[in-house]
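Chain naming follows the written order as A, B and C, and within any one chain the residues start at number 1.
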Amino acid sequence: MTVATATIKPRRRRMPVTVILGLGLAVVIAAASLLAPYLTPFDPMRMAAGPRLAAPSIAHPFGTDEFGRDLLSRVLTGGRLSLGIGIAAVVSGLVVGGLLGLLAAFAGRAVEAVLLRVVDVLYSFPDTLIALALVAFLGPGIENATLAIAISLVPFYARVTYGLAAAERAKPYIEAARLAGINSGRLVRVHVMPNIGQSLIVMGTLGFSSAILSAAGLSFLGLGVQPPSPEWGAILASGRNYITKAPWILIFPGLAICLTVLSFNLIGDSLRDLVDPRRKGRP
Amino acid sequence: MSAPFLSVRDLTVAFHGRQGDVEAVRNVSLDLARGEILALVGESGSGKSLTSLSILRLLPEAARMTGRVEIDGQDIASLSRRQMEDVRGAKIGMIFQEPMTSLNPVLTIERQMTEGLIRHKGASRREALEMARISLDDVGFAEPERVLRQYPHQLSGGMRQRVMIAAALALQPGILIADEPTTALDVTVQAQVLDLLVDLKSRYDSGILLITHDIGVVAETADRVAVMRGGEIVETGSVDAVLGAPSHDYTRALLASHLTVEKAMHQRDADARRMAP
Amino acid sequence: MLFLISKRVLAAFATVIAVIILSGILIHVVPGDPVTAMMAQSVSATPEAMADMRARLGLDLPVWQQVGLYAWHVLQGDFGRSIRGNESVAWLLLQRLPNTFSLAVCGLTVALAIGIPLGFLAAIKRGRLADTAVMVIAVLGVSIPAFWLGLIMIQVFSLKLGWLPVAGSSWRNIILPALTLGLTYCALVARMTRSALIEVLAEDYIRTARARGLRERQVLLVHALRPALISIVTVVGLVFAYLLGGQVIIENVFSWNGIGRLAVQAMLERDYPMIQGFIVVFATSVVIVSMLIDILYGFLDPRMRQR
């Protein structure tokens, strides 16, 4: 006996302008970060690459910081750090959260009730607060910050995956597959995952922007990436005492964070309504 | 019969669609005087509701209307937005199909009944309250004061529809548009509400534009009937003439299906009686 | 109604207990020995001092006993003593609580005062220029890190224009941090207001109100805004929670003497009793506010009130 698989409806919908804008921005930022070693005019850690606190010029398009380091080089290199933390946190958060969500949807009523309760309680706390609390115990540092951010994303991903999986669970083809005696594990792998995977990837981009913001915030507080590493939040933290004399130290790393977060928000926001039927006004 | 209070000429309502405009209402003309009941009958999607909404200029933004609608001798196209607001409720009242959702759930009945009176009749809060009490009494509430203090969810469907009627009639409109006023109600309550409408029509001297898909309702209440199909009026005339000797195939079909249903229901009742010990 | 409230209160209480237990456990998942980590920066880290510290924190007891003891003490208002300075954590937190609370309330007020009108405007001008503009501002708003916005505010309003002090504790000092928090989170409020109002505007009772001939103003401000506000109330708790998260950073940007600043200091110094206290207090605030909001909602919505 064959089990009917649901076919994915072809998307006729035109891609919204905002998605294109977001994607374009994301590609540029990702490329700039990846190619940073080839693009940077100076070693980002090299002190006195120019005069101290020099205004933007042709030699130093973003100016220099309090140690005379080239800010453009630092911001570009910082992108590698920020994006790296973001990707690592999102992927691990998504995997763990996704598994929990699927478990809640397919492992029986008792598991569902308990997991949902716990996830809902955790979800009522903002992710920055969770990340902060975890880093407080784990201690400062890039690995700990990444781990903390990843964990802080788990409730969100678990909730979303559960929502998608539960909607899928109600569809007739799953019922048919169950009746055909296919066990839950196989059901999820062969039938559910392909159908909700696309939606999960969209939700992944949303978590990404919040991961970047958390990482920058933690580093700014001195709890994430430690100086002299050129993470954007860390650059802002060490440059904050010079903001009158050298506002460029404030402007460029901040803009880098904004544009990165904005690009993923643009992508995620426009696509989210298409994939998350339950969502209403949640951030 | 007096001069028509409401006069509609060549009303056309079109929606801008992907393949050009779609005309949902085409060249509809009708007249209605105070004290008269005109039934607009047709299946859902035949354009009845759009016709009634365009009389009050309450069409969705995407719709465009052409033609001429005169209320009490005034062409509504010539009215400003604010002047139109003065006409709504005061000259033409309207009640809708869904009494469950047509009342605001977070406002008391008092608030929803008096706001129109204060707005159109220039009544003080106290006067409005008294008028509201009287019209609730008119629609058969034994304890109007109690109802006034309540919220919509505390009332049954039939009660809510009576509140809607009371609120609309309290403003003494020349014409009341009743859009499927009984469809969402229980069968027993339906008859009560219809009787009430007929009774109040003469007491308030309002005309009623009764929109319905139920030809049985038409036969019981209306003076005249206009049959709509696919956005057009296909047949119009007195109820006796149209229902007695329908000239249009569609009217005959409507009548036939109604009779079939009626027959089936009689049959079922008869069966039930036979089955009963 | 009374039943709903007591159920909600009990749930909130259970959550707080869970948070206390969790923060009691967390100290044991610290990689390595917490005492070593804590004393790492201290010159007086003699073996005796460390053993003394271990005993003081109850770290030589079995884990479940430690956690139980911690929870028991916290419930009695005893959060232990800080590592640096050996002061009562509860007292330190209590001292800073008014500052943190006033900043949070001011920030929330700003967020609502800006966000609700913007969302309202966007909803009634749906699909037009004003709507698009508000939505663009909203997506920009959620993309700007609060601390960066704060730094820019300091740069512009304190340093360049000299209108407001950079740091200090007069009432003028709350303006910039409250504005920063408010501007950061008003985007969230605007979006939620917009979607709530759009939903309400599609309701039948709005059509009824218009058919009754009410002025459009009245339709929007009474018939649409009131039900929309009731559903907005339910998300205010959420906004408050997010705002508290942002507040930790903002307090540090503006040197605002609140719990957030205290907490970050404690985190940098590995002062665990202090950190635990911060977590319990912040989490409890989130829980209490969302509980109060739920109860308030019950009173605002006549459909709930009857139960």
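Rule of thumb we're sticking to: a residue touches a chain if its C-beta (ideal position, glycine included) is under 8 Å from a C-beta of that chain, and two chains touch if they have at least 3 such contacts.
None of these values were measured; they are calculated from a predicted model.
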Graph class of chain-chain contacts, one of line, ring, star, complete, other: line
Per-chain CA centroid nearest to the all-protein CA mean: C
Chain separated most widely from subunit A, comparing mean CA positions: B
Centroid distance [mean C-alpha coordinates] between subunit B and subunit A, Å: 55
Between subunit A and subunit C, centroid-to-centroid distance (C-alpha), Å: 22
Inter-centroid spacing, subunit C versus subunit B (mean Cα positions, whole Å): 51
Subunit A residues within the subunit C interface of the complex: 18, 121, 124-129, 132-140, 209, 213, 216-217, 220-223, 233, 236, 240, 243-244, 247, 250, 254, 257-258, 261-262, 265-266, 269, 280-283
Residues of subunit B touching subunit C in the complex: 56, 58, 81-82, 85-90, 93-94, 96, 98, 101-107, 115-116, 119-120, 151, 153-154, 164, 167-168, 171
Residue ranges of subunit C in contact with subunit B within the complex: 203-205, 207-216, 218, 222-223, 226-227, 230, 300-303, 306
Interfacial residue positions of subunit C with respect to subunit A in the complex: 15, 18, 23, 26-27, 29-31, 37, 139-140, 142-148, 151-152, 154-155, 159, 188, 191-192, 195-196, 235, 238, 241-242, 244-246, 248-249, 252, 263-264, 266-268, 270, 272, 275, 278-279, 282-283, 286-287, 290
